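Please read the structure below before turning to the comments.
Here the chain labels run A, B, C, D and E in written order, and each chain numbers its own residues starting at 1.
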Amino acid sequence: MNMSITDILFYLLSALAVFSAIMVLVSKNPVHSVLWLIVVFFAISGHYVLLNAQFLAIVNLIVYAGAIMVLFLFVIMLMNLNAETEPQKNIWMKLAGAISGGCFLLMLVSLTRQATELYGKKAMMIDGNIGLIKNLGKVLFSDFVIPFEITSVLFLSAMVGAVVIGKKD
Amino acid sequence: MNTLVFLVPIFPLLGFLINGLGRKSLSKTAISLIGSGSILASFLVSIVLFFDVKANGGSVTQLFEFIKTEGFHIPFAFQVDQLSSLFLLIITGIGFLIHLYSSAYMHEEEPQHFGRYFAYLNLFVFSMLLLVMGANYVIMFIGWEGVGLCSYLLIGFWFKNNDYNYAARKAFVMNRIGDLGFLLAVFWILAKLGTASYAEVFAGAGKLTAFDITAITSLLFIGAMGKSAQIPLYTWLPDAMAGPTPVSALIHAATMVTAGIYMIARSNILYTMAPATQSLIAIVGLATAIFAATIALKQNDIKKVLAYSTVSQLGYMFLGLGVGAYTGAVFHVMTHAFFKALLFLGAGSVIHAMHHEQDIRKMGGLKKYMPVTQLTFLLACLAIAGIPPFSGFFSKDEILTAAFEKNPLYYYIGVAGALMTAFYMFRLYTLTFLGKFRGTAEAAHHLHESPWQMTVPLIVLAVLSVVGGWIGIPEVFAENAHSLEHFLSPIFAESAKLAEHHSLSHSQEYLMMGGTTAAIILVILFTINKHKNYIPPVSETSGLSKLLENKWYIDELYDTVIAKPVQAFAGLLKNVVEKTGIDGLVNGVGKLVGYGSRQLRLLQSGQVGNYILIMVMAMVVFFLIWFNDGYLVHIFKKII
Amino acid sequence: MNAIIVSALLGVVMMFSGILTKNKPTHSLIAVFGLVLLLVANLLNTYGVLAFQPDTHGLFRFEKFGMYFNSIAIFATLVYVLVSGKTIEQTGVNVADYYALIFFVLCGVSILSTFNSLLILFLGIEIMSIPLYILTGADKKNLKSNEASLKYFLMGSFSTGILLMGITLIYGATGSFILGVPNMYIPPSTGGLIAKTSFIEIAGIILLFVAMCFKVSAAPFHFWTPDVYDGAPGVFTSFMATIIKAAGFAAFLRLFEAQTEVLGPTWKILLSLVIVLTLLIGNITAVFQQSVKRMLAYSSIAQAGFMLFALYAQNDLSKEGLLLYTAAYSLATIGVFAVLIKMNDYTFDGFNGLAKSQPVLAFVTTICLLSLSGIPLTAGFFAKYYMLASVIKNGGGLWLVIVAVLFAAVSIYYYFRLIQAMYFKEGTPETQEITGTFKTSLLILGALIILIGVYPSIVLNWFYF
Amino acid sequence: MIPVSLILIPLITGIIAFFLKEAKLVRSFVLLSSLITLLFALAAAFFSSAPGPALDVEWLPSLGSRFSLMMDGMGKMLCLLTAVSFPAIFIAIQKNEYKNSSSFYGLMLLSQAGLMGVFLAADALLFYFFWELALIPVYFLCSIWGGEKRIAVTFKFFVYTFLGSLLMLAGLLYLYFHTADHSFSLNSFYHISLSGKQEAFIFWLFFIAFAIKMPIFPFHTWQPDAYEQSPTATTMVMSGIMVKMGIFAVIRWLIPVFPHASIQFAHLIILLAITGMIYASLIAFRQDDIKRLVAYSSIAHIGLICAAIFTQSTMGLQGAMIQMFNHGINVIGLWILVDTIEQKMGTRKLSELGGLAQKAPVMAILFVVMALANIALPLTNAFVGEFLMFNGLFSYHVLFTAFAGISIILAAVYTLQMVQKVLYGNTSAFTEKAVDITANVKWVLIVFVIIILVLGVYPQPMLDLTIDTVKSITTKS
Amino acid sequence: MPIQNYIYLCLTLFSIGIIGVLTRRNAIIIFMCIELMLNAVNLLLVAFSKMHHAYVLKSYPDTTVGTEGQLFVFFIMVVAAAEVSVGLAIIVMMFRNTHSVDINFLNRLKN
């Protein structure tokens, strides 16, 4: 077997991501779940780096692992949730959920295997400069300027919403 | 001449309208004058018409188109020819007498009901005239149903009594069964020939297949069975005695019940062409004649005896038709009309005197109280028994002779029936008029002879019953003396050509007449003797006589075999098939929706986890559906 | 484009008006004027007058259909605010914010009716959904409202995840987010239908389909609908059940119109399965409901089943029909809800005897219900008519039409139950204060429904104009 | 102009009636309105000649539908029936008190407008519109002013008929897309060409709709319940006129549009119709409720009309045409009497009635005449119709006729049983204090009796009126 | 790296997210699982963008194909952030009223 360093890193990060994702599910303590999820995000950022999507790698870390997850953590701590208070579904429901999810995965995987046009297609690793912030910025502010502006509406509404919901009457 | 034709039915119709609408305001005298007068007017016109026909032959008068549509029309037309003019005379003549009689008989009724009675009676005459005068089967059918209606109304005249109403309904329904046959025959004729007018139908009869003719004639005969009370549809007639007695005389003896004979005589050409039907008619007629006679032997109600006697005599008429003696049948219709009307009116007179007591066991010895009635009744009995030279002898003899020519067996059975006739008529006569009065003393106190309005018709009819037969004297007695046959010959000419002729030797005929007459006289003497000192039996009868007293249990048989099962079946349909079956199915759909609703809402469990689970599973199913290599597509396309 | 921009701006204006004045009726007044302005702006856009003309780089496609749809949606919102404005004011303190959110939703609606890229679709859906999560939970003290909001949010986010996976898979196959771009790796000439399209593209389409089904509450992805509609404050349910649902359909139709190339016959199986299931669940479950509000939620699912016919047929008639359906369905539902939220008791029994105490309300409700059940002379008839006609026009869908018709007969059951309660049963319904203005605007609404029902050309001619 | 006014007069006056407050005023107003309509209808039936499109204006161009009306013989006759019936009903119910009478009469007039529209429409979509317009007011009438179980029963009736009309709508749409010029006009429908299979399938969609309306066995179960529970005025409209909608539709919209299928399935349908006749007659025979009895009797009569139509013979059709009119008159007359009995005696049970002939002689006579017309006695109007229909049926199939003929007997059985139990015998607790009918009812019924007898003796005007419709069908198929 | 590997990886993560949604009762954890799903999508988008880029690059050396994929990821992150703010606000509101984040207790609305 002839594996380059990239390959090895890919598999390592993948294994980490999947493992941590599973740990998110199985951890009884919500705080642990959050921490495992942060690990997943780190692994995914690692993948972004491998794919030479540096901008996204950084944003992912800052926005997701940093801001969003901290928010989660705050909320959980605010509510004082821990392993003891954590409600558990009964085993059959869990099994049903796992089997359905598994079937869903199976379906999509089998479809991917049948997608012959993707045979031999490779994702460009390390190389390729589209993921660089310079290129992304150029395209974002030329072709994608309207969606960019539209997201401001989204933010506005989210802001108004959060205020309406959170404000004490 | 033609202008007169429509006058015949219009008088009774006017009488009906005036009496019907004005029954509350008119006095009884006025009502009876209008009622009888209108018939008298018709009678007078009929006489004019009769002589006109005699001189100039028949004619058809069209009033207007009754139904006219694409390729099909039914004119409202009257045909006055030898046959119908004869019937016109019988109907209006006897009708007038009975109206006259009724004005006394019904005098106890309140004016309103008195008016109603005459209105119905006039309507009946109108319908009967339509029946007879119609120039096609449809007009005949109008009259045919019309007389049925009037019969219904008059049987149920005393509507407070529910038994009478049942009797009325029974009469109407049984008639309707026959009418259906008649109607089907009319449709058949229309379908095959495109016309219902007699002239065209008879002219076109040659184009019909044997099957068609047999079917048409059989169906028409079913109609006749209903109207003329033949087996198996005869049971209504005895029950119809619930009506006022003059009604029985007019409708259920003299006129309406002979409509079947008129119709077959009218259609004689068709019947001559359908020998199978003819045999059927002969057998049914004979069977009815003998069967009804057996029942009459043991009846105790004066009117019931006469009713069964009527059924029996009608049977003879059908026998005559069946063996091709059309003239004989018509002849018998006429004579029967005289003597049977007389018998009924006589019975009415008796009942009138007895204050509506009809049981002959409680009568007896009325001879001294009611001489006119007794005498006329006796004459009628002799006439019906067939004693020469009374009218019944000639007509019955003509039929029996013809039957013998066809098949001697018919003759012997017919003679047996004639003997029974003699027996029951004289049993009736003896029990009523001879011997001692068996009723209560109070009843005896009230006995009286009837007023002139009642006796005059009796006398007139008695005369007719005696002399009425003389227009049809058989050839063995005198050449060309049968003036009726001569008169009617244009009607039956075509049939006569087709029918095969046997003739009997004169000696044979003399022998038969003599033998029969002697036998009948013996029976009469025996009967009078046997019943002269009648004492009502105390014990229940048994065996054959019980069977006869109960009319062979035919009513009960019909009830169990037809009425009850139909009722039960209808009940089944109403309560089970309709309610739980069809409606249950309809409501079941509604219930199913409700049930589905209760079950489906459980899917909406309120649990987000379940919702998402179902969504994921649905997605998996979607994938499965899409990627199953087109098998489903195949099925789907088939569905479309 | 006008509508998107103006509605976003109006949202901001409403936010500021909330700061500047606390007078609730003023907010409503501003909102009404804003909506009129928006309507005018959109109409101007329809006839070629544009406020801005930015290069959208193919992300948008402004077609007649979208423009008309916007106009109808805005008009429906205007009617909605006119009829139910009072109730919005009573729902909470943040009236201006509610109006702001409604304008943001309209922005999302306008985006959904004109998008040409999956990215915009995604943004549009989110812009539309996020304010709705809030509006659902607007009655903060009410546990039902909270629950509905959370349910809606969780399921909505989940469906967003599905939507995104679908978009990604399509992107993987086509290399673009623009609608109708062919597969990047398979030359169009090869093979039959399935061979021509990539498996992952189809997988993506199915996922998109599922996500859109969720948005328009088609079975079996409808589960959120009854709970959310029931839990949300009535006045916002009315908004959600009408304009939002219609917008979902507009987007759905637009999305799949572009995909007809890759959709094989299997697509019809899937769609007819969804249609039948939707009709079944919507109609049958509605039969048993005791609460009118919940019944209307199920009825909206049933109506969605009918609207899906437009997707099944995908011809000119279905587009016209969807417009008409939107108008008819929105007007009728707004009418019924407007009356419903005036009632103190939301159950069927709460309506007993309404015809006696409030004849005008009962009458207009009856018209609306007749329209919903598709009785001629009301707008609903032509709406249903178009849906059925569009399927039959394509040929082959007759069995589906018959199934739909059978369920339409079932729908009579629950719609007429309300009529029965109002007219044929005795009772003294308690209502909130009914103003003359309210009655008048209801009557106008009813008249509008009848007008469209008698002479639908007023809507349709305009389409052909 | 006349045809459109036949629709507009009741429509407009109906709407006005809603706003009149005084009960007396409303009564006179609607009576006046219906009398004016009657004048117009008479003018239309006997003084207008030109057949063909009576009115044709643009309505829904994008849908290929026009507001076009047509008046052929059958349409004239049925409009006349409608126009005669309504004033008669209004006069007969003058004395009945209805709560909220302005709405009652308003709805009655609206249903009249709908009925007129159905009989006049020459455009399928328009026809469908009026078809429903006639139904909705009746739904409200029955549900508000009906008997105890009115809500459930009327609802069943409504859903049933609505289901039928929806199926018809599906069929209409299908046909629309198969017309040559994409139009709903009658003419385009008559020239449609479908494959055998399509025709057979769509035929049934239509037929079920009409069968429910008529109603034909086994789709009839809504009817007795609905007739029983409705206010009698509405029952009169329903049984006298609304069932004619179904028959009318078969003649106008079914047979000429599906010529092959209607021949192909004629056997089956006639068999159904005849089975229904016998079935309904037998059930009528066992009914104790006089309203249900008349309802079942009506089902039996309609069965015959349906059977006769499907023979597609001149006589059968001609008979069916005039029988539509006759049945309308007869059954409305019967309902008026039944209503009087119910109002006066407080019971509808045959077993609780009796002896009315003594107490109410005028009513008794009218009742008997109506009953006789019901059993198609000669010289009443129904005889001519039944005679022609049976004749047509006979030329189609002998055995069918014989089988159907049983119903003639059964009709006599149940009708006379009814007459007997109502009129004859001794009075019961309910009928002891009975008085005769009011003058209003008397005069209405006398007019009806005159119509019955005149048409029974001289049916030619009706036959001539409808012959063009008959010809148009027989020549087509 | 073959694109299939990325697809498998992302689908796995996505499915784990789904399974998480299905098996947990804590609303916050469920929400986190949804975030996990979004991240899987993000990674897949980037992988696809690089695949397309590599494919087009062969014929057009200065192509920017693939950028839109990465920008999409950017937008997803934006939206996710907005959604989180609203979502957590709703959860907190719920928690304030019921002192629970257990979705099984969300059963006042049913049938």
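We adopt the following convention: a contact is a pair of C-beta atoms (placed from the backbone, for glycine too) under 8 Å apart; a residue touches a chain by one contact, two chains touch by 3 or more.
Worth saying up front: this structure is predicted, and the values here are computed from it rather than measured.
Trainee: Name the chain whose C-alpha centroid is farthest from the C-alpha centroid of subunit B.
Mentor: Looking at centroid distances, A is the chain farthest away.
Trainee: If I count C-beta pairs in contact for every pair of chains, which pair wins?
Mentor: Chain pair with the maximum contact count: A-E.
Trainee: Determine the chain that sits nearest the middle of the structure, using the mean of its CA atoms as its centre.
Mentor: D
Trainee: In whole angstrom, how far does the Cα centroid of subunit B sit from the Cα centroid of subunit E?
Mentor: Averaging C-alpha atoms per chain gives centres 96 Å apart.
Trainee: Could you please state the distance in Å, as a whole number, between where the Cα atoms of subunit A are centred and where those of subunit D are centred?
Mentor: Spacing between the chain centres: roughly 72 Å.
Trainee: Centroid from C-alpha atoms only, then distance subunit A to subunit C, rounded to Å. What do you get?
Mentor: Computed from C-alpha means, the inter-chain centre distance equals 32 Å.
Trainee: What is the distance in Å between the mean C-alpha positions of subunit B and subunit C?
Mentor: Centre-to-centre distance between subunit B and subunit C: 77 Å.
Trainee: Check each residue of subunit A and list the ones that touch at least two other chains.
Mentor: Counting only residues that touch two or more other chains, subunit A contributes 89, 93, 96-97, 100-101, 104, 107-108, 111-112, 118, 121, 143-144, 147, 151, 154, 157-158, 161, 165.
Trainee: Among the residues of subunit E, which ones contact at least 2 other chains?
Mentor: Counting only residues that touch two or more other chains, subunit E contributes 3, 7, 14, 17-18, 21-22, 25, 30-31, 48, 51, 55, 65, 68, 71, 75, 79, 82-83, 86, 90-91, 93, 103-104, 106, 108-111.
Trainee: When you check subunit D against every other chain, which residues touch at least two of them?
Mentor: In subunit D, no residue touches at least two other chains, as defined above.
Trainee: Please list each pair of chains that are touching.
Mentor: All touching pairs, sorted by chain label, are A-B, A-C, A-E, B-C, B-D, B-E, C-D, C-E.
Trainee: Show which residues of subunit D lie in contact with subunit B when the two form their complex.
Mentor: It is residues 156, 160, 218, 220-222, 279, 282-283, 285-287, 314-315, 318, 355, 357-358, 361, 372, 377-379, 383-384, 387-388, 390-391, 394-395, 398, 401-402, 405-406, 408-409, 412-413, 416-417, 420, 423-426, 457-460, 463, 467, 470-471, 474 of subunit D that touch subunit B.
Trainee: Inside the complex, what are the residues of subunit B that reach subunit C?
Mentor: Residue positions touching the partner: 593-594, 596-598, 600-601, 603-604, 606, 608, 610-612, 614-615, 618-619, 622-623, 625-627, 630, 632-633, 636-637, 639-640.
Trainee: Report the residues of subunit A in contact with subunit B in the complex, numbered from low to high.
Mentor: The touching residues are 89, 93, 96-97, 100-101, 103-104, 107-108, 111.
Trainee: For subunit D, which residues count as touching subunit C in their complex?
Mentor: 59-63, 128-129, 132-133, 136, 140, 143-144, 150-151, 155, 158-159, 162-163, 166-167, 169-170, 173-174, 176-177, 201, 205
Trainee: So in the complex, the part of subunit B that touches subunit E is made up of which residues?
Mentor: Answer in residue numbers: 601-602, 604-609, 612-613, 616.
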